[in-house]
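Each chain carries a letter (A, B and C) given by its place in the written order, and its residues are counted from 1.
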Amino acid sequence: MKVTIQDLTKKFPGRGRKAAEEVTAVNHFNVEIPDGKLVGLLGPSGCGKSTVLNLMCGLLKPTEGRIFFGDEDVTNLEPEKREVGMVFQNYALYPHLTVLQNILFPLQNRKGPERLTKAEMREKAEEAARLVQIDGLLDRKPGELSGGQQQRVAIARALVKMPRILLMDEPLSNLDARLRLQTREEIRRIQRETGITTIFVTHDQEEAMSISDVIIVMKDGEIQQIGKPQEVYDAPRNLFVAKFLGTPPINTFSGSVRGGKLFIGENAVLEQKGIPDQDVTVGIRPEGFLPSPQGALVCGLDRVEVMGRDVSVVCTHPACQNPVIRAIVSAESQTDPDAAEVRFDLKPNKVFLFHNKTEERIL
Amino acid sequence: MEKKNLKGWLYLLPAVLFLGIFMVYPLIDVLIYSVEEGYNFASQTYTGTGLRNYSYVLRDPYFLQALKNTFLLVVITVPLSTGLSLLISLGLSSIRPLRELFQTVFFLPYVTNTLAVGLVFMILFKKTAYTDGFINLILSWFGMTPIDFIDGPYAAKMFVLCLYTIWVVMPFKILILTSALASVNQTYYNAAKIDGTSGLRIFFRLTLPMISPTLVYLIITGFIGAFKAYSDAVALFGTNLNAAGMNTIVGYVYDMLYGNSGGYPSYASAAAILLFAIVLTITCINLLVSRKHVHYFS
Amino acid sequence: MKKEIMTQKSGGSYSARRTVLKTVTYLFLAFWGLVVLFPFYWMVLTSVKSYGSYNSEYIPKLYTLSPTLENYGEAFTAVPLARYFANTLLFTVGTTALMLIVTVLSAYAFARLNFRGKNLVFVLFLSLMMIPNELVVITNYVTVTDLDLRNTFTGLILPSVTSVFYIYLLKENFEQVPDQLYYAAKVDGTSDLKYLFRVMIPLCRPTIVTITILKAIECWNSYVWPRLVTDDQNYFLVSNGIQAIRENGFGRENIPAMMAAVVVISLPLILLFLCFRRMIMAGVSRGGTKG
């Protein structure tokens, strides 16, 4: 099911001392989500991404704008009529019902001709349970399950009614690190198998990048960038997106373009034709550094952290805006950990220039 | 939004109806009744408005007797029952074996019919032509002459009433105090023990301050409850409490309603409002006094 | 461990004092236990003494060697005790059932639904908790009399239904159910009423059972209101019945039969209490009051 969101805006009344001011949680949000994709809605906490999700499932009503599922305008439809599946952050399983009863719950809400027979319901529930591999746990109560298992039950409950779209609110945040890796693969697999358009909210960029077909980066209620994860990573539209994606994060420097050359501090690091002379913010991905004895960028070496295949060279530079620079280089480059300084050449496609004021990317 | 409002009120409708008809309206109405003079229930007419109902009630010897009885009952039973229940709760929380059994037994009076068990008290204390009764039997072991506690001297009757009232209110107080004592954090006691604090000192410096909010709650509800005493007296002395000289304020209110052709709601209302005023005053005094002496622990 | 060390240190006198204190405590508790239980013993004992033997005991005996059940027969035949019982049962069930419907619906409205004026109404409800029954009984009596509802179950039940305190108690409990369950149910297409019955009520069952039992006890023992609105024996509840028995029952002072009636009346609640002991005591300590 294709989802189209047009000009979506949500304002909340202010609270407490700021009661007079409205808070804009979502500001003119426009997106078109193609059918059958897994979409990661990504942003720091408080950026309005959960609000978007609640607007899509109908728990909140927008101040302005429209939402379409396919060609149907669902903007004013009550949540129970939208046929969406939703997985809540803390799963929201009914504690007094067994796993099977939890999964059956949405089916039992149907009325009239849509209502299935008992046997059909049971069959559908078991099918959903098989899909998420919890068919052995049907008679347990949620309290007897691990976090990962509860998560699967929540997904099964959302899927059993064959929703038009599936929404997940921070689906992995309550799991420990190991389960998180495993479960995100699982979400990817389930989404592929069912082909249901799925939108999930997360504040973890790695999570979003690793499994999404498309990511939407949000900040302060506004979309910063939409695209395939690799595209967004390789061509961030502004400094915020560049900083938000990637681990370790991008290194930023105060720099300037003078006479067709990019300067960081006193070092002319790259040829930069076609840009008028100006001060800029330079962002360099950690993998954009190439150690070289004659390298243009001269940094003070702090330490070298060995990570196996790669090493992380931690160094300093007066123009750097972060406390330290982190460069990920091949272990074969043989950086001497006791040297006082280290010199790098830069890979041009890993270096981004941002406007000092607008923070939009220049190049 | 409109629909939402409607739905909320629909869910609330039964409660609003019931409370409106049987609580809010009567509350206003009782004030009106109390100032309608010469109200006749049968014809539903009255001769004028004013405070004459109040002055009638305040001059009525039956009301004054009821007032005296109620005050005596309150002054005697509230401190006694609170103190006794504190002792029992302390005892309960200091023992391990048989504790549950004792707790269960002590709670029994709560679930019994006040009227029914009151009859048992009556026959235990009553002296008739056939028998002096069980209590007089015990008294005779100590060389005392038999007294009729039910139809005899005022002090004896008051004694039984107080005793029965205490018997009836104890379970609630014991239960509340026991759970208050149990919720005092054990680490305080351990710390005090390690410091070598004596038992008495632990009680006065630790336990008592910790449970003082509960004690205040019990004393206040105890006062309110004792002021509203009625069915205990009925159980012991029968429905004609005025004749027995053992009426209470609440009893006076009801007796005013029983009379022929619908009774005297105006006098009843005036008496009820007087009772409410007394209870309110005493509760406020209680709260003021307790605020100075109670320690609240967060 | 700690205890052992302490007793060893302080030696014999300390543990001797402890033993004395323990003994005194047990004696004291046992004494109060006796005070509580003795009336119950006396009522059962008297109820199994025959009329003749009871009246011939000028000095009451603490036991009987020839127990009889004839008083129980007398209690049921000489006065319409079975009728009082049935009336009380009907009154208790009717009042409690209505109370549950009213309480659950309004607690749900307060806890879960949003509507204009909710907070104001809730404050009004809370302030009604302060109002003593004695104040409103007068008008209710007049209302019921005017509506010609004296000596009817409608007149008995309706004014006894609402308990603001139970609404408050249940609302607090309802609010502990996480919001997300409600949202999940909404997304799954559940109506409010269905959510209430399938999720809220099962989850809050302990509280609901507690208020049901407390209300049932209150109903079973109620005396004042029934006495006001009934003067026809056919509508007497057990409390009024027992009072009637006391004033003129059995034609003469048949104390053993009276005690048999008292036993019969007290038994249901005592059994209920023994079955739901923990629940009742927990419920009462959460704020129940007598009467």
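Keep this in mind: a contact is a pair of C-beta atoms (placed from the backbone, for glycine too) under 8 Å apart; a residue touches a chain by one contact, two chains touch by 3 or more.
The structure presented is a predicted model; accordingly, all values stated were derived computationally and were not measured.
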*asked:* What's the farthest chain from chain B if centres are computed as the mean of the Cα atoms?
replied: A
*asked:* Comparing chain centres built from Cα atoms against the global Cα centre, which chain wins on proximity?
replied: C
*Approximately how many whole Å separate the CA-defined centres of chain A and chain B?*
64
*Using CA atom averages as chain centres, what separation in Å is found between chain A and chain C?*
58
_What's the distance between the Cα centroids of chain B and chain C, rounded to whole Å?_
16
_Can you pull out the residues of chain C that are in contact with at least two other chains?_
none
*Using the touch rule from the top of the page, what residues of chain A touch 2 or more other chains?*
none
*asked:* Using the touch definition from the top, which residues of chain B touch two or more other chains?
replied: none
*Could you pull out which chain C residues touch chain B in their complex?*
2, 6, 22, 25-26, 28-29, 32-33, 35-37, 39-40, 42-43, 46, 55, 57-60, 101-103, 105-106, 108-110, 113-116, 118, 121, 125, 128, 131-132, 134-143, 145, 158-159, 161-162, 164, 167, 192, 217, 220-221, 223-224, 227-228, 238-239, 242-243, 246-247, 253, 255, 258-259, 261-262, 265-266, 269-270, 272-274, 277, 280-281, 284-285, 288-291
*chain C touches which residues of chain A in the complex?*
57-59, 78-86, 88-90, 92, 94-96, 105-106, 109-110, 157, 161
*Can you list the residues on chain C that touch chain A in the complex?*
178, 180-181, 183-191, 194, 198-199, 202-203
_In the complex, chain B residues that touch chain C_ = 4-9, 11-12, 14-16, 18-19, 21-27, 29-30, 33, 41, 84, 87-88, 91-92, 94-95, 98, 102-117, 119-124, 128, 130-134, 137, 167-170, 172, 175-176, 179, 193, 221, 224-225, 228, 230-231, 234-235, 238-239, 250, 253-254, 257-258, 262, 265, 268-269, 272-273, 275-276, 279
